[in-house]
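Some structures are shown below for you to check.
Each of the two complexes below includes chain A, the first together with chain B, the second together with chain C.
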Partner chain A sequence: MSRRPYVRKVNRSWWLGQRRYVAYMIRELTSVFVGLYCGLLVLGLVRLAQGHAAWDGFLAALSSPVGVLFQVVCLAFAAYHSVTWFALTPKAMPLEVRGEPVPPGAIIGMHYGAWAVVSLIVLIAAGI
Partner chain B sequence: MSEDVTLEILRYRPELDSQPHFQTYTIPYHDDWVVLDGLNYIKDHVDGTLSYRWSCHMAICGSCGMMINGEAKLACHAFLRDYRHGVIRIEPLDHFPIERDLVIVMDSFMEKLSSVKPYVITQENKAPSDGENLQTPLQLMAFKQYTLCINCLLCYAACPQCGLNEKFVGPAALALAHRYNLDSRDEGNEQRADVVASNEGIWECTFVGACSEVCPKHVDPAAAIQQTKISASLDWFKARLLPGARR
Partner chain C sequence: MVRSNKPILWLPFAAGGLVAALIIPVLILITGILMPVGIVPLPYEKVAAFAHNPLGKLILFGVVAFPAWHAAHRLRMTAHDLGLGGGVAIKVICYGSAWVLIAATVAALIMV
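Coming up: the complex of A and B.
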């Protein structure tokens, strides 16, 4: 008898099938908000180049309830993205010191440390 | 008192069925039985027409991979006692054509595997009389975990990218390419790069990480692929930016 292999199509809702796929899709979705916030920063530069009044208007818009809500949402997604990424770094960037592998916890810890240092520098530079 | 357990198995017999359908079997429950024991019981005592692959019954041969309640598992590595409450749903591995019942067609994987040249490649052919290729324990440690792959294909069934793009070289083949690229005796990195560092190679991977979670041998293909992304990127820049670069 001739062969007749059956091919099953992947359902569009495949990512709802398992918790790990949902978590992955949320991680992918975070990139949209990270991208939007980058767009906001570029817009800020443009407004700054346009002069004092334009810049003040931009700052006022940022302080409005909608502006604050947008930034809080972006911060939440960026934090989710960072935390999930830090958790994966020991796989992507295994380190060795004198021939001995560095424990995964230490690699993740170094990322959190770097995050804290950079955040501190930004806060100091911003005069907060 | 004897206890029973119900298996719901996806059947597909190409000479009879136009498409797969579930068939329910009731088998006796034993604390020390794995799903494969249940399938063997059905084959021997209930329905001899059920087809599935198996060989060693000890997570070495990699033949009995299947979806068990939606998770890619070796049937010999999945105890009935862990699925005791409720029906156990058994399907062939996702992302592969079904040959018959729980047997999949794995030709595409065999092609992908050979495309990454999973063997030691050297520039000069060395005769056995020239002596051994020595390797220190430290050099062996660099790639040993990636040698443990048993080609069970659970990672292909767990990886959504494998389902969405059938050309994706996939976790196991890329992990093996990484294994040979890391081998101190090997000089085949450049020969593998055409496939490994292509769009259908490492760059199709979006680091879902499911491949490593389902791997019964803890090979961690996701790690291999991410590490290859970094080394392939460095190679790309080196080839273009360093003085005397070839392009």
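Coming up: the complex of A and C.
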């Protein structure tokens, strides 16, 4: 028996009509830049494994105008991902303390706090 | 009954979303702005020492693997939203690239 599920045709521009749908698509688009930057990190690790000269070449590429521009674009999308991800945490992960629901603002606030702490630790570890 | 594989896909997705949200922006700030202007030089000896350390390897693996999986899963879902889902090709492209990145990370961390 062959299984042939019905696939409804989707209009590919359905999300262009409404602001909230566009915002949703931009939020989803952040994953492209998170993925691309992960690729850049992996490239960096490979260059690191190849030795001193390869690493210095990698740093030079990161510092080139194209490298900086690419990363600034990635940073904008990554920050948008952080903000939207924190905003949905009370809905995705509702918390209760002693039977009382934790207010959404407190859950979001804790995530921003964690963001600040992690960023500070990474900056100090990187030697700022 | 067919068991759903959704939790297996979803848990690293959620973990990746959180890891990406917490750590990727500051990493881009360092490699894309602070390093190029010379505030954080990222010398080879220092970064290599971090990658030699077992805890450092674990951190580097987590920082790459989880967000990569997150991005792959999210891209696949967005492709579905755009009417491109359903086929095997999207799955192979999305999860395949995540696995390539994860494998390359493991290889680099072993060789470094």
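Structure notes:
The criterion applied here is as follows: the second predicted complex is superposed on the first by the 118 of 128 C-alpha atoms of A that agree within 3 Å, B and C clash if a C-alpha of one lies under 4 Å from a C-alpha of the other, contacts with A are read in each partner's own complex, and residues count from 1 in each chain.
Throughout what follows, contacts are C-beta pairs under 8 Å (C-beta built on N, C-alpha and C of every residue); 3 or more make two chains touch, one makes a residue touch a chain.
Because the structure is a prediction, the values reported are computed rather than measured.
Once chain A of one complex is fitted onto chain A of the other, the partner contacts of A:94 are limited to chain B, with no touch recorded for chain C.
Once the two complexes are laid over each other on the shared chain, residue contacts for A:7 go to chain B and to chain C alike.
Residue contacts after overlaying the shared chain place A:81 against chain C, while chain B stays out of touching range.
By the document's definition of touching, of the two partners only chain C reaches A:55; chain B does not. Once the two complexes are laid over each other on the shared chain, residue contacts for A:126 go to chain C alone; chain B is not touched. In the superposed model, A:28 lies in contact with both chain B and chain C. After superposition on the shared chain, chain A has more residues touched by C, the comparison being chain B against chain C. Touch criterion met: A:46 reaches chain C, while chain B stays clear of it. Residues 5, 7, 10, 15, 28, 92 of chain A lie at the contact with chain B in one complex and at the contact with chain C in the other.
Across the interface of their complex, chain C is touched by residues 5, 7, 9-12, 15, 25, 28-29, 31-32, 34-35, 37-42, 44-46, 48-49, 52, 55-56, 59, 62-63, 67-68, 70-72, 74-75, 78-79, 81-82, 85-86, 92, 111, 114-115, 118-119, 122-123, 125-128 of chain A. For chain B in complex with chain A, the touching residues are 12, 14-15, 19-20, 70-71, 94-95, 97-99, 105, 138, 160, 163-164, 206-210, 212-213, 220, 222-223, 226-227, 229-230.
By the touch criterion stated above, chain C contacts chain A in their complex at residues 14, 17-18, 20-36, 39-42, 44, 46-48, 50-51, 60, 63-64, 67-68, 70-72, 74-75, 77-78, 81-83, 86, 97-98, 101, 104-105, 107-109, 111-112. Only residues 1, 3-8, 10, 14-15, 17-18, 20-21, 24, 28, 88, 91-94, 99 of chain A touch chain B when the two sit together in their complex.
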